[in-house]
């Protein structure tokens, strides 16, 4: 298995990143499936990362507990701001979550004594192994797939199409939205904690607007109709720069072009393209 | 069952409903008519909780429902369809109805994660309940199709099936016959009569006079947010104020108040 | 000293307003969040710089070049990206993702052509005169920046309200279907709006480049952040909001740097933003509901 060992030696960080990116894409899938356009998952990722990292560095607590703490902190904050924030919809929600994300980033930036400020946190123990991430991804994927086919998933899809009609079916839309939002935050926090423990260094600027947009891109490119879309999106966004490595200087350029081409030819995401349609074609036309 | 007392609502400076008092009689299909803009859909929006009145109260089955959350009002037994159809276009017919069945949880959230037999049985039961509702509106054979591919009239029927799925005591129909051809309207009239016979109270907004006159036992007429007449179809038809309210307006199907097509 | 700060704030704010205006126009009319607006801004700056360096143009013509290049970019953006997506009935997030791709492309193209270092306008081109009076020292540059920004905004506002083209634009912003029904060339409006918005972004790019005398590939990113903040504050899709929001941000930045310190500057802006949004989600002037079809 020499090949595997040398492969791992070179690409371990990349593979682990694929895992955490898939988790992030899954977190945005959850929120998008409920019609929530949020850019805050990057901030929740940062919260989870910093919380878990600080615990690992300063307390004697075990790795898994720190991960759980990070994820729970993100979930808690999401739950706290969810009430007022989720009253907004569409772009307004996106903007509010964007503002929230920036506030978080700036808070972390300015609490130098605790978080190291702009210099970031260094020397985080590399406790995250490939099986941790694989387990996290596998478990999350399993849950979300079951959710998608269940009453809860159906309700969320309905909410994303028509909130008012769904409410008038006797369903407490607020609760479902909050569930999606908090769930997404918990996943993002988990991804952040895992990420911090293999990159061993984190800084506030990794969790800002750019990351939030990247996560959204993963979700949209992969396709929002299914958790598998998130897997595709995460794989694509993480691996694409690597695949283009041979192109040297032109790498980011081609990267951008590929994004554009994919969206142009598959606007609903790659999953939509890849999955066969089981619905009948629209033979009947309106009167 | 339903009582509106001094119900008023204003949007900005415009008084859309003015001191509306209405009580749904103990039985019979009830119609709400009036020229466009009279405030009929606003009444529905108020009853279902999408709007909060500026003043006045709404009572349903002895409970005040003005100002409480829409989903709670539905759970208490008030269902509605919409003037501009709001089916979930990207979901199948079956899924549309299943969503509406969703507030009767027959299994806990946890069992969603584990494929327990109880969960699967509950899902199957829900599915057959949904199919049964679809067959009531003659859409069972299309249950796997996306709602957006249906014809206008079919989408309306789907909305009714969906509304029925919430197990209502009162059904608000907002222009259910709009966009339907004569055959569909006849079919719908029969279905509504069946629902009424089954004990479901029905309150209906419509512009098609033949439809309203043929179905309703009592009709209320709204104009500029005020109740101008209430009574049997005969009484309404001959009420001079009502006739005046409609004169000079081109209704879509040019219907005369006696229901004949012009 | 205070008056000096005020002048700084106005010039900065006016340019922010210009940039935000382009951003909010695309959102209001095409219903797209154009994340390439910062890159187009940057493109404008480089175009003007090259106009000066290569073609030895005077500054005013260089600004024109910036406008043209940016406008062309906006035209291509609509023709090759937004329009096809419209035809394919893409979900509303798809164009935004495409603009991310475009931003990356523009950024790396510029970096490839001109390198990543900070470039400057040659000294002899920059207006150096300084006006003093009453304790204030205003550079001629600042005056021209303010003048140009305000003039462009005035022309735009006039155009929107007094010309038939402007009316068509506002109609489409209200309701695409209704506008189409009354015979407005909706596709033309989309194309034109993208061009105008990009032109505004490009000019903003030159002005900021002159103000801070720095041209570098990444200059669009922080500007995009600010543009979004301005637009959130002023209300998505609202013109007045973009202008006033820009001014507000200009003042907030200048005064918080002067009196509080630069690190908290962003915190103040965004903290304020978040609170305002919770209380008034449509921003200070925005519409309460997004455009209905």
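Some points to look at:
First chain written, first letter: the chains are A, B and C, and each begins at residue 1.
In the analysis below, a contact is a pair of C-beta atoms (placed from the backbone, for glycine too) under 8 Å apart; a residue touches a chain by one contact, two chains touch by 3 or more.
On a predicted model such as this, the values are computed, not experimentally measured, just so you know.
The chain with its C-alpha centre at the largest distance from the centre of chain A is B. Relative to the centroid of all protein Cα atoms, the closest per-chain Cα centroid is that of A.
Just count the C-beta contacts per chain pair and the biggest one is A-C.
Per-chain Cα centroids separate chain A from chain B by 41 Å.
A straight line joining the Cα centres of chain B and chain C is 48 Å long. Taking each chain's centre as the average of its CA atoms, chain A and chain C sit 30 Å apart.
Interface residues of chain B facing chain A in the complex, by the touch rule stated above, are 48, 50, 69-71, 74-75, 79-80, 82, 86-92, 95, 98-100, 102-103, 105, 109, 112-113, 115, 123, 126, 144-146, 148-154, 162, 165-166, 179, 181.
Within the complex formed with chain C, the chain A residues making contact are 37, 84-85, 87-92, 94-96, 98-100, 102-103, 106-107, 109-110, 209-210, 213, 216-217, 220-221, 224, 249-253, 255-260, 263-264, 267-268. On the chain C side of its complex with chain A, the touching residues are 27, 33, 35, 81, 84-85, 88-91, 93-98, 100-109, 112, 221, 225, 228-229, 231-232, 236, 263-264, 266-267, 270-271, 273-274, 277-278, 281-282, 286, 290.
Listed in rising order, the residues of chain A touching chain B in the complex are 143, 146-147, 150-152, 154-155, 157-158, 161-162, 164-173, 279-280, 282-287.
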